């Protein structure tokens, strides 16, 4: 039997493999992003960049909990101008590079994109869903009007694919998903982390300096899969599943739920960078056993059972 | 040193221990509830009862996932009249029995309470947060006006303490918490399960017959602790922490976050009924080491760190 | 990552035990290591998930259960063909214990399912078995040949009873107990079948002061002791049972054979 | 349930190494088993969490690190008293390897922290060590007595250099390397300290074709290889390092001693 085809397309972004690096994991430098690409990622997403430079929160910014990790990095980033410089001096034309952006309003997003758009950036991911930074992120995602305005603004500024990363910290994620689709999103990344915390019982202190952070990892997988499943029934644009993928079975579950691609973040903490090759192999073997020629054939197969 | 005091009071409900049985776990019969009480629970909550009899969903209604369990029981219950009969013929006066009720509107809640109130029920828990049954549960919790009306209606019907169990499947749980406090809730149970799902990759089928269910267990603990922490800063009524308590460290984390009591559900799947005695012992030892005379002294201690 | 989800298995063999009873054989390592009396939650894809006693285990990773066509779920199982897929999780629950000595087994219908692997272990342990198999009429019997083959390995005896006398002795299975118990020293009575029969077996056992172990049935949802749907008295059939010993059975005697709960939790007479 | 959270430990001993450098000793089993070159993330309650090389391990579960007062976090550590609490997680990262043969160690300041446990293992393995310790001026030296005691166990030598000549030879630590490398066959050079020094050590090592292992520093947040804040070239100092060997150092030579990133990820010259 022929090797199954793992390639996918999301809007104009062609990927050799449906496994992407999630934003904020190792996405601090082009060199690291390239390494992850070479380790088997079909596309790599940068750490979220904002208009102004931000130092982020003090450490501890990351803590492991049972079933996952909490992080409250605080959107640390060098600022869009510095980031532009860094991209400009790097060779990125052969890199399936997705730039993740956060911002407070449509104007910030437009300005950032107008700066970057001349570069060989392949797509943008709008992070309107970071759960632990006031004024950006989840608060944006919870404001429907703002979400629509941001997406529309971005779409007028660029021809490149625009992915919108949704917050699961909302009452009705399907609502936001539909809104994003209606206002022009080319794909949805589902989903970001869950607001959560850990307290050190010896000292009584919240462990993260910011006290509250975002929960990622296997713990959130069943919720993320549900989000993908529900959104798939209500929107037509591709979904990029994200949340707790550690092994190939996890990846398959997301594909069946309706994800065209998946992102891996915390999985790297458990499996190292080989997580991409391991999952790729597992997915291939699965496709062979199931007699499928392409990963595209299994997307959404969990739907339609009575 | 003296044995630390584990007793607490929530409104007029006096409990020998701050560890309660969560609703829907073993709460199908008074005999089982008594057994859990004898195993060390300070109070026991019945499975949620509704106005009409409900068969619930087909099996599979429960499936384990990494870090927890999904359930979509579907609020199966014998109906309030049958339940009233069962309570009437049982000896319950010595049992710290909390009856969990669900309903679609204020009228249903009022009628149920008017029927039960003559019995030796010690308190009510309003389940307005079941994540997988349409028309009840989470949909109620997401409708602020309805939540307020239900609580007000219930409070006019009974003098007994009324706990309100919140859904974490909302954008802003603090908002619902405040509303519940303002409309008369005596305590808040924080929180119910998260909408989630698991797909069998061999067959492509969602495993639960209802496809979507509620995620409980260790996976949700950091989110539930965060909910308790945030609510504690915004309301004055007692909080009953619930979600993923398996060992005594988990319990302490909830107390420090601001819970006066905690409920244990899925923990029983991991540790059996001895979970209550094990946690009690762990909490006692902790209090001794920390030089506290009562568990009440550690409630909310995680607050106020800069 | 690992969790106790249903494992999808393929039906490898279907054995016709009677017109309404079939055994399904499949490969599953955990099930093949089940102890006599344990059960498995069987996921009938798209239909239901129901508990089934493991009626057969083999060292080479095979296991089987035996289903009587009753309602929708069991009928769907009954209709499975070789190659059909189903999900299994388990084995769960307390198994039969003290499997040695001179024993009596009283079973009827698919109640024999957990008693068959039990009798196989008993004969391996060189126990003498008095096995009483009851039924309404001749058509309903299953496992009789298998029981004969097993029991032939030790000094054992099979007594068949039917209510209409169409096979074996006329009468109830429990009628056959007293004559034996009067004559012989029996170390343990094992039973599974209709609950009224079990109750009668318990009463007779008490009369003769012989300990008993009975496998019970109640509605199951979780199978692992958290949902409470299988409650009987202060016990959970899935976790504290399904095999109960004399002291526990005495504790729940008011419910035994009298009432059970339906899927809603409502109490119904048996 | 188990996870890699900070473990709260008590400071058992505080050792004054110099006016600005102190070692803190605490009890923690995992840390006491750290390999030379590994580091620990130290949570200074309410202040920060920063990486510290483990400078001391003992068989009885004790471990220590050595901190130079620099900014807020290190000053808070420096000010800790016996009995103070701090959190530790780790040990993390790649350790020194091939700890045997005739070796050279080049260190300066708290860069000696990971080199001390290294030299202890080296002398246990009967290695001859040329240890070059550099500094600007006499006040800055730490661990010299400890190094002498350790190195006395084998045929080893300590060379001290100061830029102002106030102690040992006048000059840079790296100046002392060439004379030795010209005369002796050295199997490995280990180094830790200011990055410009490390870069110079690397260049000299390349000249003499001696392999080197250097321990580097970058901003760390997670310490476990996911956040990317410690990146240098295509590597993560926390996971691919902090100890790097010659091939890797050559790969990152453009960044080494030239620039690093601040907490925002912005590139800054060194």
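Letters are used for the chains, namely A, B, C and D, taken in the order the chains are written, and counting of residues starts over at 1 for each.
Methods note: a contact is a pair of C-beta atoms (placed from the backbone, for glycine too) under 8 Å apart; a residue touches a chain by one contact, two chains touch by 3 or more.
Just so you know, these numbers come straight off a predicted model, no measurement behind them.
Listing every chain that touches chain A and chain D alike gives B. Relative to chain B, the most remote chain by averaged C-alpha coordinates is D. C-beta contact counts were set side by side for B-C and B-D; B-C has more. If you average the CA atoms of chain B and of chain C, the two centres end up 36 Å from each other. Centre-to-centre separation of chain A and chain C, using mean CA positions: 51 Å. For the pair chain A and chain B, the distance between C-alpha centroids works out to 34 Å.
Shared interface positions of chain D, i.e. residues touching 2 or more other chains, are given as 1, 46.
Shown for chain B are the residues in touch with two or more other chains, namely 65-66, 198, 205, 218, 305. Taken pairwise by the contact criterion, the protein chains fit none of the simple patterns, being neither a path, a ring, a star nor fully connected.
Chains touching one another form the pairs A-B, A-C, A-D, B-C, B-D. Interface of chain D with chain B (complex): residues 1, 46.
Of all residues in chain A, only 65-68, 70, 142, 169-172, 194-199, 201, 204-206, 211-212, 215, 218-223, 225-226, 229-230, 249, 252-253, 256-257, 286, 298, 301-302, 305 touch chain B in the complex they form. The touching residues of chain C, when paired with chain B in their complex, are 1-6, 8, 41, 43, 45-50, 85, 87, 220-229, 231, 233-234, 236, 261-267. On the side of chain A, the complex with chain C involves touching residues 218, 246-247, 250, 305-306. Chain A makes touch with chain D in their complex at residues 24-29, 31-32, 34-35, 47, 53-56, 58-66, 69, 71, 73, 76-79, 82, 86, 198, 200, 202-203, 205, 207, 209, 265-266, 268-269, 272.
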